[in-house]
Amino acid sequence: MRELTYTAAAREALAAAMAKDPSIFVVGEGIGARGGNFNTTAGLYDLYGPMRLRDTPIAERGFIGLCAGAAMTGARPVVDFMFLDFILDAMGELINQVAKMQYMSDGRLKMPIVLRGSVGVGGSAATHHSGNYYSIFAHIPGFRVVLPSTPYDAKGLFNTALRGDDPVMFLEHKLLLNTKGPVPEDDYAIPFGQASVVREGGRDCRVTVVALAAMLRKTLDACDQLAKDGISVEVIDPRTVAPLDMDTILQSLHKTGRLLIVDETFAPCGIGAEIAAQAVDRALDDLDAPVKRLNGAHTPTPYSPPLEAAVIPNAATIEQAIRDLLAE
Amino acid sequence: MTQTTGKPLTKERLLALYRTMLVIRRTEEQLARAHQAGLIHGACHTYVGEEAVATGVCANLRADDAVFSTHRGHGHALAKGVNPAALMAELFGRATGVSRGRGGSMHLFAPEVGLMGTSGIVGPCILQAAGAGYSFKLLNTDRVGVAFFGDGAANNGAFHEGLNMASIWKLPALFVCENNLYATEVPFSQSAGNPNVAERSAAYGMPGVLVDGNNVVKVYEAAREAVQRARSGGGPTLIECRTYRTRAHSEGMRDAGYRSADEVEAWKARDPLKLLAAQLPADDIAAVESEVKAQVDAAYDFARNSPYPDPATATTHVFSE
Amino acid sequence: MRELTYTAAAREALAAAMAKDPSIFVVGEGIGARGGNFNTTAGLYDLYGPMRLRDTPIAERGFIGLCAGAAMTGARPVVDFMFLDFILDAMGELINQVAKMQYMSDGRLKMPIVLRGSVGVGGSAATHHSGNYYSIFAHIPGFRVVLPSTPYDAKGLFNTALRGDDPVMFLEHKLLLNTKGPVPEDDYAIPFGQASVVREGGRDCRVTVVALAAMLRKTLDACDQLAKDGISVEVIDPRTVAPLDMDTILQSLHKTGRLLIVDETFAPCGIGAEIAAQAVDRALDDLDAPVKRLNGAHTPTPYSPPLEAAVIPNAATIEQAIRDLLAE
Amino acid sequence: MTQTTGKPLTKERLLALYRTMLVIRRTEEQLARAHQAGLIHGACHTYVGEEAVATGVCANLRADDAVFSTHRGHGHALAKGVNPAALMAELFGRATGVSRGRGGSMHLFAPEVGLMGTSGIVGPCILQAAGAGYSFKLLNTDRVGVAFFGDGAANNGAFHEGLNMASIWKLPALFVCENNLYATEVPFSQSAGNPNVAERSAAYGMPGVLVDGNNVVKVYEAAREAVQRARSGGGPTLIECRTYRTRAHSEGMRDAGYRSADEVEAWKARDPLKLLAAQLPADDIAAVESEVKAQVDAAYDFARNSPYPDPATATTHVFSE
């Protein structure tokens, strides 16, 4: 099958949707003629011009509020943040307006707005360009929160995001943007709330690992190491954290009896805590060992490579965490 | 500052304006009594004294134009076409309320008539009206987006970001600042480095106009020009309406210590209803008065007798499906 | 002992601190001559004037950013939000500046800023005045997050907040503001990270309930009902959610074998998830039953009394949850 | 707009200004080379072409005055007294860096010399400088807070809220807008309804002044007056410096397609170092040049040879204890 980068896969979905639906427009800084800092909109400005590819002032709160108003009145905005960190100035608009509008209007207003941006730690981006805010958006009612980890998922999930009428946070880990993978040419959509069993454990598999975004690749690397010792691991990528496909995780846990959640971001009140809490609520009897979380350090993200590396999990620490859990 | 033009309004038009202002006034008075009687469960910010603004602006709007408003939104809702019964029922927390009881005083939704929502948070309406303008322009319609907001909101970043974007993209939008001189108890003159809101339009390269917000005809004319400009592709306008709220910031709150009785009386003497009534035949005024009284009485009965929402509906519509 | 309201208890701490330390100033809307919407600063303006009791424009992002700069240069700001919901416009300043400043300056800058406001569901305040954001602040590194449930705790914890050099979120549930309780006249401080065992279970006690803020009173009411049936419950109030005193909770769980967390706010990625996740990580062997959470519904807060009541736990639903857990 | 006054600067003073500008220029050039060589791990936004602004402003400041800056902060750091060695070491991610390697290009902290931090987020510095002003006034000192920020930040809500508060409370603060005509690749004329930043001061009731940001003497004089006003209780000033960045937005980024070669050349012809050098004896300039070269070479060696931070320190100082 044809291979595309993660960014190109998502762009393909966006381009096709824009061709079909004239109510879709994109806003962001440098997403017009420049085509996006990460090439998220490359080529589209020439086709659709400034009304649909709109370079904004540096006014994140402002343009999200503007997009909320546009979404309430028939348009379908896509907000491109470049780095998702810049979204924070708009949290009031997001939490009090965007996320609540459908509920407060008793379903009479829709809020079809896709908010996308790069997240995550990597490349010495330092603390103002390394944020992961998905646990916060999963906490707040009203958002769909999507964390694709492959080009295939990026296209399929972006299609779903563009077709629904709900606010979607589409979060692209910066270390994944240029990764390549097979992407069908046809127009497919991956429903939200369907985890993917990325690596199936064997019969004797005694551990399930849930890994998110950039942690997936590192986890698979760790599994390759473990396989050399004959250790089988089942790996699950939730793909969306809201809705969260807990059933797939619990099915696996039922089989394996052990659960580790590998998540780059902060542990306290994170998505890993939610998964662990649901596991102990719904599957206590399946647990042969404590549910473990492997998270990034609870600290702002430092710049210098050795410091940056020290605050996030890597293949070696993941491998060790799996071994430790198996030893419990 | 722009010049207003156009023919004088007919008597019928003036009476219609008077009628809308009176509906707002009587509804608010009824709500105030209901608040004292414990029928309103949460906050209640009345629009008494400011009726000319919503009335004069909305008289230029169509049902498909979009209004975005504030915590002090009853007047905007009524002027945009919301039924007083549905408004009262909302504040009484009933299923028949304009937001089905979900919102109360500060969260009024009636997209059917273009009331796209009021907000308990100061600021967002400015951005959303710009966004409606964006949408209307993108979709090639001649609809306009309108934000009503207080002087307090003019010091908020949303004002700066929203007006600037509306200006650079020439969005069909009106920004109507209801400068009632106070944000709760804080005087605007103390919280604004330049308390002339209309002048700030220069910072955004946008026309700005200051009008007497207690004179409904002046408001109407300024809005007419702005709406025409917006519909015809001329972009947004900032309209500052100087007005005054003559009741407390919100019902049940003290209303002393921050403004003088003389000041309140001076503004009451310039009551927008009185000012307009003086230009109209007493008979007509009396007829409108009794019509509106009947309507508001009926609204109150309707609201009071409406059922509360079913608790089973408390979690519906968080998402679209 | 003398009884004070919750608000008066916190105000006593503030007043004493302001008398001692001229670098403390308060900002907020109506906290000057008006004395605060909730009387949080009543009487102080007459003593200290506008430089120390500063009425602000409606510019939450602005005045938090301003306070950050003031805290970096020798002052000790107290930000009074009236309703904490208004903080959201300032999330960028809080997460990227306030919370990170000490770390990024390698400890050379301090960030002594206290952010206070009323939180929680109650009184038909409706969705823009009912927020509970503590799980979000606990997720982000750099904040102390305090949730006092009694006047006694309000004074003792506010004192600690005012004396430290860290950003503190001091969150006052709106249903507690006017509740009264004993408050010593002397100057005491309650350290952060010390939970309080509010109701000790008997020897035969088989369930621990962690209850936060306004849920504490409702939980105690439920326990009174249960006591009539001879059911003993141990009740713990964490008092601060960051730091979180997990040891006290685990000690109790070790004794009782069952854990329920009662928290008014949203379940997903909430503090209840964190507590449950730590329990299953550190105390699996103590668990005689699944860890349960009783939360508010995952929905914006509606206005109408029957709707509002339907979205948060009450004494009856808490009682039922305890009975259900005991039956597991 | 205000008038600048005061005596002409002595040759020594001018040479000192030249020296600072040259330190910035040569350090930036070295950083650009180091970026190409892979020594800089993250972003690197240079200040080349804009040296006169930081230099002219900071020459009026004391070490205990507080500067708050942006993603393009190397020049502010150096002008405020940060050692080029500590700056380079920071970008190289070393333990000897000004932020101990925690920050890189966009997070420079040197409170010892009053550099209170640069920020990767556009906007906050404006508010923090107002806050430093608040602090300095509260504590009865004559210190001042200074924010440097780009034209892009002038469209952000932080500008609106920060300038307004500084004005109403007469805070000792300077707001220095470095209008280099672009925010990344977006022209300010397209993103601002009114691209005259200094004029916006009227919206806040604050003095505003437009200066040639490539003329260090003009910048110096405007800042002198503003600093004097601030120290003596006269409140804040907005200074717009029109200038130009002659390198790409950030190192390694393309620098084409959004501005013309002619435009770049025209600004290069008005290089701030050239403009000042023309007024000074060639000997003196040459002496400064070789001095600065030695300093920057040494800084580079120091930085390159410095150790990386110990990973064990990666989580210290999240809190004060």
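Which chain is which? They are A, B, C and D, in the order written, and residues in each are numbered from 1.
Everything below uses one rule, namely that a contact is a pair of C-beta atoms (placed from the backbone, for glycine too) under 8 Å apart; a residue touches a chain by one contact, two chains touch by 3 or more.
It should be emphasised that the depicted structure is a prediction, and the values quoted were computed from it without experimental measurement.
Engineer: State the smallest step count from chain B to chain D, taking one step as a move to a touching chain.
Structural biologist: 1
Engineer: Mind listing the chains that sit against chain A and also against chain C?
Structural biologist: Both-contact set = B, D.
Engineer: With centres defined by CA atoms only, which chain is the most remote from chain C?
Structural biologist: Of all chains, D has its centre farthest from that of chain C.
Engineer: Distance from the CA centroid of chain A to that of chain B, rounded to the nearest Å?
Structural biologist: 41
Engineer: Centroid from C-alpha atoms only, then distance chain B to chain C, rounded to Å. What do you get?
Structural biologist: Using C-alpha averages as centres, the distance is 36 Å.
Engineer: Could you say which residues in chain C touch two or more other chains, in rising order?
Structural biologist: Only 56-57, 59, 61-62, 85, 89, 92, 96, 103-104, 127-128, 141-142, 298-300 qualify.
Engineer: Send over the residues of chain B in touch with two or more other chains.
Structural biologist: Answer for chain B, listing residues that touch two or more other chains: 99, 102-103, 107, 119-121, 123, 155-158, 160-161, 164, 168, 190-192, 318.
Engineer: Can you tell me, using the touch rule above, whether these chains form a line, ring, star, complete graph or other shape?
Structural biologist: It is complete, because no pair of chains fails to touch.
Engineer: Which positions of chain D touch chain C when the two form their complex?
Structural biologist: My answer: residues 66, 68, 99-100, 102-103, 107, 109, 111-112, 116-117, 119-121, 123-124, 126-139, 143, 145, 157-158, 160-162, 164-165, 168-169, 316-321.
Engineer: Considering only the defined contacts, which chain D positions touch chain B in the complex?
Structural biologist: 155-161, 163-164, 167-168, 190-194, 199-200, 202-206
Engineer: Flag every residue of chain C that touches chain D in the complex, lowest number first.
Structural biologist: Going by the criterion above, the answer is residues 22-23, 25, 51-52, 54, 56-57, 59, 61-75, 77, 92-93, 96-97, 101-112, 141-142, 144, 164-166.
Engineer: Can you list the chain A residues touching chain C in their complex?
Structural biologist: 60-61, 85, 88-89, 91-92, 95-96, 99-100, 103-104, 127-128, 131, 135-136, 138-142, 242, 244, 266-274, 276-277, 279-282, 284, 287, 289-293, 298-300
Engineer: Can you check the complex and tell me which residues of chain B touch chain C?
Structural biologist: Those residues of chain B that touch chain C are 41-43, 93-94, 97, 99, 101-104, 106-107, 119-123, 152-153, 155-157, 183-186, 190-192, 257-258, 308-315, 318.
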